[in-house]
Structure formats: structure tokens, C-alpha cells
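Labels for the chains are A, B, C and D, by order of writing; each one numbers its residues from 1.
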């Protein structure tokens, strides 16, 4: 069932989302893997897997560990590179009737620019999400996302070659996320998404070994929701561009919480593994919430906390 | 087509103190399921269990629209699952994975411990296709032997137990049946056993299919957590596998 | 039953702990509240509530919110001040047969120094834990704990007046905890404890209000354990002084995990609310672990990951 | 002395769709419990419930070593609790809080909704001490009235219902019994009601004891999360309270 609740429509720069519910990169494949479970055109948008300049094999197995109310991952940006994306994957997803956003990663400014430039040419990709916050690769984006100057530089460079909607995804592993957010906003980002995973670690006490091949990895799931809400709230108070809230969203109530603290849209990540139909259920749950509280438009509750 | 639906528990049969078989009723018509495919179970009621748990499909009864799962208690999720009662419902994503490639005219199945879970349904499929099969099952002792009658009715059963309480005494790798000629071997069990068997298959120059139990976050291909190194690079165990031709795997 | 397992004995500078199990500040009152549930002399040490220069009323109610596998608190250092501690509380706790450590907080270097100086005179207080990481007070310690220079300054000043065991408690809300740890070690801290709470937030979606009077608060409990393990592991690889691991420890296995990644001792916090006898159970659980794995001394597994 | 022990559920009695009474058996001899004290319950089997839940002691039976709790379903913890079965065990920290100060010769008890929970045991204690009590209970309708017989046997029961289906129609604050003379009032229920009643007590110049339900993390005085502003500064509701003299509270 297609959701046609006009109250849910939101905008991120030039991108119109039929509702605020998007999917988080790395947790939704390229979207079509979910066609058995939901109607993709019921969503506001999908953010596909991280895409880098060239092919990446990612980190060795094991790449995940379950934790309390969450999980750690150490995938490490495995993907076949931007050319493969443009030539092969793009054709498979270009007709999905929702906003298709590509998560862009790299180890150098040049790599980010190269990928962004190539994606800029794809008609049916209305925006990219610049991942400057991946904790899972040695020369990965996190260095860019934890230093305001480097963050500003990479955004500035990409902004020059990318003229559609540019979302920048921030790391929570910083002393002041507001500082990074302002730096990025200052260089022309259209939107900020947050949070990427928290840097964490898990240990097998019986085997006396780390559970991830990379020892540390990225924590996601409900465990991180309080941190994510705090980040969105802090940044929403200080920045003007729309924010996409991410982190531990498991149901419509969680999504509403992010909107209340200032998010324009939200992305659902780890929850997709537990209930692959959750995104569509969240869309309906938000409509029900608006009904119950007699709210005319989702924007009426945005940032009221 | 994959489904995310509730099944009803028809039976929870205790095999040993740490092994049980769940018989689950599907309320609709079961879709086609391949031997070697698995389900992802939502385990409720334990606050420390966050992700679903992958479990192979042990057997399928299309007439009754039932499937069964053979589960070994190894931790909090499987422990919680062992307490499930008749009439309770269980949410599954299914069927997942590639399943076994069915080839040849005479094949050997080798199963170790509860790893043998997917082999029962495989013997059924093989029988339907008129492929002659032998099945060699290894386990600790006679008490850990399960589904013996079913195996016997569908295949030629050979047994190896650690204590010799049934079949030969020793590891499956020492069983004479391995000396016979087969068109293919299908092997499920602990990794060292699968490696040993695939080496035997290699020497015989026949294909050996193994089932990998890598830890999984999603089970349907979207998280990339379950990868295994193959000759073509990292592949997802949950979609490209869990059944692999052992010669395609780097570590085998 | 008093635990007399000699394998568990550890040292933090001059302080001998009969086992690595301590209690976390703010979660154990002044210790005696737990006498109905455990033998205090079965513990390695207890860290009592934050003590400041003068009386503090703390933050307004509500001060806590439950989250997934954790909780947020915004107590805000409520206490009657160091003089009241020395005159009244000290007499009540001085004969408890375990190491009694006082958690010291302040809003200025002068305040930290004043409190430390007064505590230095108390014979039965073998050490203090300098809390430069409390996220719950406006002019609270967190500013000190998130800037290496300020962290170094406060430790330097306190070190001058305090000559017993000086533990410094670090905040995880930083880009690089290692940088802060090194700065603090450089000024003569005897030990580092980590982590204090993660800065988080919770929202009541139905009432459309924050759940804490202070909006943001400190996240604790199993949700933060992966972050805490990562912090201890990172710092243990870079610093020489003993580390006390804190964050989401609910059982002996969790405690062992911290020891495996490099902690000499551990502190149990939020778990005390759920099971007030947990600390003593953890002591026995560690003994059992050593038995099961045939380990001669707890130090044999310290930092082996 | 406080205890952290398992009780066995003897009965789970449904009052209304969102109200139930648990009768719990203590395996040892019950320690002395004061009316107004509470327990902290460990709720298991719901992954979203992390902390214990504070619930007042509704009644005590020293002969049988049983206590009972009256619980309203308001969220995930109380909902899970409502499904508990006879024979299940329940871990409690108890008895917690200060309990009511017993004074005077003729007192009034006022309870609203499920907030009235601690008053049943209070009537029992008062009766034992030969203190004459009236109890005024307010609730939505006759279906939400509980423990009526017990109240009647221990005290003089007066009722106010919102729909008039029992007793007077309207709020407790409009009930005539409030015009009589008493030495003290004991009041439990929604905050606006407690404030209104304590104002009446103030006008009469008699002490009014109220029971606060602040959110708690520990329940036994160590976390400082449950504070209330009193004339002496922030005090812990769980140890200094939950029963306060309303004139000591800043907001009352």
C-alpha cells in the first residue's frame, strides 16, 4: 500500500521526500533486496551502500558482533567502486520510485571528488551523502569527520563538482559535533545526516579474543539512540540546513523523537535486519501519530524541543 | 521470494539436554524451499538477544505446510528458543540462502553433530529425484543421534560415534564409506571436519559442497557482515552461500 | 563470605586492592547503604559520591530516564560539600574495611585543589578519583576532561597538594581519549579510570518533552560497554599507569572483558541499581573464571588483547 | 534491613483491563513492613525494560507471609508484569521508603485511582492500633473499584466515582466527609488530587501525608535521581519519602 499522506511530505534542498523515512547506508543494500518485504515507493528515500573510487574488498571476517541493544560492524566499505555503480547498479535501481541517494566514501579528497563528479551525471540520483565518518577503515573517512578543517576542505572540494543535493554525514566520535556541523554548513552542504556509528569494541571472554577482525568497529542500534538524539538536538539549535536523524530508530515513536528534536527526515539502519518491513511500518506509524495528536503537518512538530 | 512471517510451534522435541527439534506450522501454503536453505528467527524474551538467529531448515513437509529446525543450545538465543512451547508463535524470515546444487547419480552426505541439520531434507530431495545417496553421520554418542529413522527410510545411513556407542568408533573421516565412488559429496558440520572431507573429495576429483555458519546480522544479503573469502573475492555467506563448492573457498 | 582469593589482588600505585572490583561514583552512595546486601569488605574498593567545594543542590527533578540497555542521569553533583564530608560522612565510612576513594569534582581548578587538599588529610582515604568528565553540570568538570591542556592543568595543580593515589576519571565524549590520557599521565596521575557517561538525551514522544530537566544527561549501563571497552583498549596501548575500567559492567564476564583489554581494576555502576548484590557476585565470578581457565593470577590475562 | 529476594506468585487477579493485583509468597518470615513502603520489582522478559519498577505494598499478611501489590498497566514494564503466572517467581528489593507516620485518634484516608494502593494496608495498621479511620476512594467507575470488602471491614468506606456508578458522582474533593474533623489526612493518588486535599488539610490546620511517585533508578537512596524539593532542599523520595508531610514540600 502506497502511502499518500500529504502531511508527511518534507524537503531537503531540491529533493522532495513523500515522507521523512529513509534508509541508512550499509543496512539496505541497493534497495531492491527489500522488494520482497516492502513497497520501496512507500519510502521517502533510500541511501545505498558506500561507494568509493575503486573496488574495495573491505575488512576480513568476522565483521560483526552483537552487543546489548545493538551491534558492532566492521564491514569497511566493501563495494565494487563508482564505475561499477554507474554502469551496472545504477540501471537496476534507477527506476525505483523514490529518492535514491548514494553514500560516498573515500580515503582522500581526490577520491571523494572523483566519486561525486561521476555521480553528478546520473539523472536519477538526486543527491549524495558524503560519508566523512566511517570508523571502519584505516584511511577511511573518519579522519575527515573528526577535524573541522578537514571536514570543511572535503565538503568544499566536493561542492565544486556536485550541484545536486549534498548531504554530509557526521561522526559522533568527536568532542564537539556542532563545530564540525558548522564547518560543513559553511562550505555549502545542503543537509547534515547524523549519526554514523560510535567507535566501540567487543570481546569474547571465553576465547579471550576480540570479536571483530579489526578489533574496534562501529556501534549501531537502540543503544546509540540517546547519543544520536543529543547530537541532532545540539546541531539543530546551531545550524540552519535540514538535518537527517539516524541512530537506533526501531519504530515510529523513535522517528518522532528525532523529528521533535529537530530532524527533517530520518534514516533507519540496523532495524532493517530485525524487521525488514520496518520502514514501511514507520511511515504508517507516523501518520497514526499525527492523527492521534491532531497534527496538520509533520513540520508543526519539527524541532519543538 | 523471501517472506517475513509468523509460524506456530507444533512441537518442541528434546533430543538431548542441549539439542532440540522444533516443528513449525506455516499458516499459508509453503513456498518452494531448497535443501540447505535457512531461516532467520526472531528470539523474544531475552533482553540480551538483539539480532535474529540463523538456523538451517532441517526438514520440510509440504503436505502439512510444516518445517522443522534442529537446534543446538550454545548461548542465550538458542537457550531461550529451547523453552518455546507448543502454540507459541515464532517470526521467521525465510527461505534464505542458495541451497545445495543437486548433481550426479550417486552421492555421499556427511554430517557432523548438529551441523548435519540441513542433510535430512537433502536426503528427501535426493530421493524424490531418484539420486542414490549414502549418508554418514558423526556424533558424540548414540544419545546425540537424531532423526535416525527418517535417514534410514530416505538414504543408506552410516554412523560414527566418538565413543563407539553406535556405528564405528572414531571420526567420520575414518569411515570406510569414504573409500567408495561418488559423483559428489555434501558436507555439513564443524569446519575442521568439512575441511578434511573436502580434501578427500579433492583427491577423488569430485565436487564437495559445504555449508558455512558465519555469524550474520541480516541473513539476506544487505549488511555484508557474513563474508567469506572465495576465489572471486569476498562473497556473502548468506546469499552466495551458505552452501559453497569447497574448491571456491580460499581457506579450504 | 569474605573473598580471600589471593589471585585477585591488584595494586593501583600504593593502594592494594584485595580484588579488582570497585564501585562507581554516584551509584553506590557512601557504601553503607549496601550493607544489607553485601559485605563491603569483600570488595576491592568503593568510590563514593562526587564531592565538591561547597554544598550543591544538583539539578531539578526529573533526573533520570530509562533507555535501551541503559539509563540517562542528570543528578548534577548533588552533595553537601567537602567540609561536611570530612566532618560527618568520613566518620561513618572510615572503618569500612576496603579502600575508600572519594570522587572529586569542581567548576574551577581552585575548587578541585581545595577539595583534594582537604581529603589529603584524611588518614583512611587512600586515594581520590578526579572527576574531570561529568557531563551534568554547566560549569562542571566536562570542560576539563575534553581539552588536553585543561586536563593537564587541573591534574598538575591537584598533584601538587595531593600525595596519595590520584586517579583521574576520563570522559568518552572526546575525539581522542588517548590524547587526554597522555596529557593527564604526563602530569603525574597515578591511574586513569574510564569511562564516565556518554552525553545523551531522551524524549517523551507523547508529551513532546525531554525526559530530563536538563534536556541532556549522562548515558550509562550495558549500552555503553562497547565504547568503554574501546576506550580502555586504546588507552592501555598508549599509557603505562594502571587503568580502571568502567561502563556497563553487569557480571563477571563483563569485568573479565575489561581486564583482557588492559584494565587493572573495574568499577561497577548502574548494575548496582538492578542487583544490589552484584559486586560481590562479580568477585566470586572472577574467581570461578580463573578456576575454569586455570589462570594463576589475574595479571596473567591483563591486557592480552 | 532491606532484602533482595525472590517471591513466588500465588495469584494474579485481574481487576479491570488495566488493573491487577499480585499476591506474592515470601519463602521466609516476612520482616516488619510499614504501611506506605514499597518494593522494587525486577521485570524480566521485555528487552526494553532495564531498571526495576517501584510498586507500593498494597497489603501484608504476616500469617501467610504474603504481600500483595496493586498495579496499573501504564507501559512496557507493568504490561509485562500483568502476564506473570501463578508459580512464577519475582525478584523484589523490599521494604523500601519511610512509610506513613501514624498519629491521632481519628484520621481520614483519601485515595485516587490506583494511587490508593498503599491505603489498604494502612487501614489494617490503623485498625490494629485502634485508630478510627474513614477512607474516601475516588475512581472512574464502579469497575475500577478494588478491595471494597477489605476496606469495609477495616474502615468506613466512602466512594466517589466520575460517572456516579458508585458513591457520589464527582471528584473526591467534593465529598462531604472532608467537612468532618480529623487529626490527620493520608492521601495517595494523582498529584493534582493530593495538592487539593493537602490544601484542605492546611485550611483545617491538620497534617496531611502524601505519597510521591517520582521516577526512580535505584529505590534505596544511592542514585539521587528521585529528589523532590522540600523546605530543607532536595530530598530523596525513595528514602526520606515516598511519604511526605505536604507542608514540607515546596510545590504543595
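By definition in this document, contacts are C-beta pairs under 8 Å (C-beta built on N, C-alpha and C of every residue); 3 or more make two chains touch, one makes a residue touch a chain.
Values in this document were obtained by computation on a predicted structure and should not be read as measured data.
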Contacts common to chain A and chain C (chain labels): none
Euclidean distance of C-alpha centroids - chain A vs chain B, Å: 36
CA centroid of chain B to CA centroid of chain C, Å: 47
Whole-Å gap between the CA centroids of chain B and chain D: 55
Where chain B touches two or more other chains at once, by residue number: 47-50
Multi-partner residues of chain A (at least 2 other chains): 67-70, 221
Chain-level touch network, classified as line, ring, star, complete or other: ring
Chain pairs that touch, as defined at the top of this document: A-B, A-C, B-D, C-D
Of all residues in chain C, those that touch chain A in their complex: 67-70, 72, 146-147, 173-175, 198-203, 205, 208-210, 215-216, 219, 221-227, 229-230, 233-234, 248, 253, 256-257, 260-261, 289, 301, 304-305
Sites on chain C touched by chain D in the complex: 26-29, 33-34, 36-37, 49, 57-58, 60-71, 73, 75, 78, 221, 270, 272-277
Chain D residues within the chain B interface of the complex: 44-47, 49-50
Partner chain C, residues of chain D touching it in the complex: 1-4, 42, 47-52, 93, 214-229, 233-234
